[in-house]
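Note that the chains take the letters A, B, C and D in the order they are written out, and that residue 1 is the start of every chain.
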Amino acid sequence: MKIRVNVMLKEGVLDPQGKAIGHALEVLGFANVGEVRVGKTMELEIATDDREKALAQGEAMARELLANLVIEDFAVEVVG
Amino acid sequence: MKIRVNVMLKEGVLDPQGKAIGHALEVLGFANVGEVRVGKTMELEIATDDREKALAQGEAMARELLANLVIEDFAVEVVG
Amino acid sequence: MKAGIVVFPGTNRERDMEQALRLVSGKAPTMLWHRDTSLPDLDLIVLPGGFSFGDYLRSGAMGAHSPILREVRAFAERGGYVLGVCNGFQILTEAQLLPGALLRNAGMRFLSQDGFLRVETQDTAFTRDWAKGDVFRAPLAHGDGNYTASEAELDRLEGEDRVAFRYVCAQGTLDAANRLSNPNGSQRSIAGILSANKRVCGLMPHPENLVDPDLGATDGVPLFSGLVKSLVA
Amino acid sequence: MSMIVNAELAARFGLSAEEYQKVLDIMGRVPSLTELGIFSVMWSEHCSYKSSRVHLKTLPTTAPWVIHGPGENAGVVDIGDGLAAVFKMESHNHPSFIEPYQGAATGVGGILRDVFTMGARPVANLNALRFGDPSLPVTQRVIDGVVRGIGGYGNCVGVPTVGGEINFHPAYNGNPLVNAMTVGIARQDRIFLSAAAGIGNPVVYVGSKTGRDGIHGATMSSAEFDEHAASKRPTVQVGDPFTEKLLIEACLELMATDAIVAIQDMGAAGLTSSAVEMAGKGGVGIELDLDKVPQRETGMTAYEMMLSESQERMLMVLKPERTDVARAIFEKWDLDFAIVGVLTDTAHITVKHLGKTEADIPLAPLADEAPLYHRPMTHAEKPGRLGTVADPAGVEHALLTLLACPDLASRAWVWNQYDSGVGGQTARRPGAADAAIVRVEGTKRGLAMTTDCTPRYCQADPHAGGAQAVAEAWRNITATGALPLAVTDNLNFGNPEKPEIMGQFADAIKGMGEACRALDFPVVSGNVSLYNQTSHPSGLSQPILPTPAIGAIGVIDDVSKAIGLGMPEHCELVLIGEIRGELGQSLWLREICHREDGAPPVIDLHAERRNGDFVRKMIGEGRVEACHDIADGGLLVTVAEMVMASGVGCHLDKPHYGTSLHAFYFGEDQACYVIATKHAAALIDAAEKAHVPVRHLGRTGGDALVLTDGMSLSAERMRKVNAEFFPKLMER
């Protein structure tokens, strides 16, 4: 089973990367782009057939390693 | 309208970050984790109400800047 | 030799490059700004190291979309000489002036250490002052220097004699699987490559930081002295 | 939390009952929330130095070469050719425990701003780090984040990180220390200060937008750390080195014009402290219109904006007719630029927001009546001198154990993550010499720099430890051939409200001051970090070891003459200084005997000065091929480090100096140097004439460190043992 963990900076935390990308898009002529936020996506193959277990494990892994909860939020979903 | 652009390394391109995370998870005791792939997620606010237009623009921005098609694939979706 | 150095926001080795060019060629290079839309009369354009646009998104991605890159591309298409070092190499690949891409170092950490390069081809302006097989020291300073390209692309580079430099260990041994020899994990230990016409060269290490005897070593001088010989026409 | 202003809220903001009463007296009314916020940060330990000021005043701060001592953003000293070195060290301890990467990164960003705000181009960074027990996962997480953060920021801004130090001790388990130092170079006739002047002149904000970052960071760093730290957790400040790089270039470009009247970075307590300090120093009033402040988030209150610690921002007073020039420069570099206020003749700071006056405080009493404490002190009894200790291990085993131990293991894993060459002026990289050396661009001159402190000595005897830290910094600069010029310090201590901590603090400063005076080595800038203490649920409160980190610089006229550790073959090894075999508080005692006791080594400042001046003179005369001072681990570790640096071995003579063998080899005697020379006879002769203790020690050659008793350790073997610690710990 494959899960995806999405990690984004918390609301209010400065996102220098998003800022720079927004600026670059503007220079490229995409005038209608507002805020840009950048996060990480991790796709993980988990050896289980149990959706609930996979999600719970994704949550555990995010808390322990994949996300930095001081500045980041995360979401886990099953993708296949 | 908010879109999300997901950028992942292509199948076959070595993903050192994914490998490192896989290893770290194993050290932490998550024994059942197979392949890990790491990508980027970008959430962009687009000043339009037209879903199709937003998706098309996301695609254009990904091709021009957000993804490097030599090594990366991307997917665009509307999230809000 | 009339050289120009492109400065992007976040470029930080432009002064190092300026110093090296001045020392070896006896002539001060011209500084170019990323927003410039025309070029002065030049023999060589250098894209120096640094973190153009913070290296945000991908190293070199935003620099490759700067106005001046249109001019650099046209210059290269006219047969001009272009050198990209470190971030400059990353920009050249992002702009597809050179093939492949530079991924995160295999060890997932920034590498700042002496690297050892073996010269793989001789008949180019960039390598003529070395002999093929020469090994020289060049500092590495990068987080994304892991050269990658498709197998077909790599075969083509080798077939066309377009690999300029490879990482080796201090004793000269080539071993792509060994971090002591190939510190960032580059495919086939590739440290620097050339365009099809051999006039565009990109490499990750910093020969410009080893040109001054007062600072300890001059291993990097041949890169610049070779260019001077080729371009002082 | 409820935001009704009263004594209770004031207490939560860190103001004592008496301090709050003073606020009421000054204001003649109950202050607004914004006003209370301003008082609380300006009167925090971090900004007001209320516990430390009376002691800091005793440090020597002047010399003919000192251009600006403490009181400015950084110290400024004359380095010749009309140029000045601008440098300072600053802590980011608490943030680096909460979020190691961002804490360390923003620490580097903050100290860089202190230096370029004075008109200097930053040319080098250093850092002094103290971590807890390395076997703890939390320590490893902190090391990983701190090292990545320092590199992530410094590498991107393009300032080489050329030196620093790292110690480990369980006393830092819950409270690591991250002290960052920046050295910059400026023209002496283009130094920029922060005193505002010119009623009516515009106050200009440049850099990043303001968000709700790190509100109350200044008061937090002045509060003891406990297990509730998580709930005190403000939004962590995230650094943006890319913006900092632009800010450096834009400021230096503007500084080449004559537009700036005064300039000040926004550090701790952001807009509040920069506005208050600029106006206060200039004796003028200042009015801020917060509606003009570039904002990253919506709906920010005056209180939030005044206390935000968003990074990469500066405040300037400009000549009115030059604002357009300035605006054009900042726009070129894609940075925000906004006129946010004006200098007034009211002698007040007035803050307006959305048509309301949110704060109106008289500046003079805000500064003059800031609390100042003579806190009670007690002085711990000093440990007695260590008696004789038998050698349980033998020399070879001890040497290999020491080379492998956390405090002596190679730091290459760390410095290999820092770009030490960017700028093209680095002459001695980390590990190559006792001090790092960076050439002054456009000249032959080099700046030598180092950071030093031995906290275990300071714990045993703060007075001796404070002096030793200064002496070691001086010695490290001397060992390269450079002339030591001046000191910056970062005084990291526990809770000053505890008399024993305050006693440590005062004693360490006393020792520092004595050493600075004896060595003509004035203190020109610094930083104090108190409340480095972790309280445990048991009620016990663990302070860190007293850690007065010393940063120092020196100058050498010809950078190509600088000396490093690596020695060539066919040299004689000579010992300068006297070895009595001081094993008290030594690493040998700790690592081999598992004891941390005894008195630290005796500091003889007269010998220090005499021996060091002699060594520098010999280097200047070209008689020295390599030089290394004796410090942690003692003589044999010093020699081993020289062998490892070059791969060239040496034979040491049979020692016969009236002390036991292990004490001779591993005692941490001060004021000593090992020199490799091709002119041994002349050098020994000169030393004797100058009454400098000198001994022939051995000769270089081969590839092993060889003792007369038969011990022979190859450079390779020692390097391997020495290199293992960090990769094994961090790359599992």
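Details
Just so it is clear, a residue touches a chain if its C-beta (ideal position, glycine included) is under 8 Å from a C-beta of that chain, and two chains touch if they have at least 3 such contacts.
Heads up on the chains, UniProt names are A, B = Phosphoribosylformylglycinamidine synthase subunit PurS; C = Phosphoribosylformylglycinamidine synthase subunit PurQ; D = Phosphoribosylformylglycinamidine synthase subunit PurL.
As the structure is a prediction and not an experimental result, all values here were calculated from the model.
Ranking B-C and A-C by contacting C-beta pairs places B-C first.
Separation between the centroids of chain B and chain D, computed from CA atoms only, is 41 Å.
Centroids built from CA atoms put chain C at 29 Å from chain B.
Inter-chain spacing, taken between the CA centroids of chain A and chain B, is 9 Å. Remark: chain A and chain C have CA centroids separated by 34 Å (rounded to whole angstrom). In chain A, the residues that reach two or more other chains under the touch definition are 16, 20-21, 24, 28, 38. Touching of two or more other chains is recorded for residues 240, 242-243, 334 of chain D. Counting partner chains per residue, chain C shows two or more touched chains at residues 53-54, 56-57, 62, 65, 107.
Under the contact rule defined at the top, the touching pairs of chains are A-B, A-C, A-D, B-C, C-D. Taken together, the chain A residues at the contact with chain B in this complex read 6, 8, 18, 21-22, 24-25, 28, 30, 32-48, 57, 60-61, 64-66. The touching residues of chain C, when paired with chain D in their complex, are 9-10, 12-13, 15-16, 19-20, 49-51, 53-56, 107, 109-113, 139, 141, 143, 206, 208-209, 212-216. In the complex of the two chains, the chain D residues touching chain A come out as 98-99, 102, 208, 211-213, 233, 235-240, 242-243, 296-297, 310-311, 334.
Residues 57-58, 61-62, 65, 93-94, 96, 99-101, 103-108, 146, 148-149, 185 of chain C are the ones touching chain B in the complex. In the complex of the two chains, the chain D residues touching chain C come out as 148, 151-152, 155-158, 240-243, 245-246, 333-334, 412, 415-427, 439, 441, 444, 559-560, 731.
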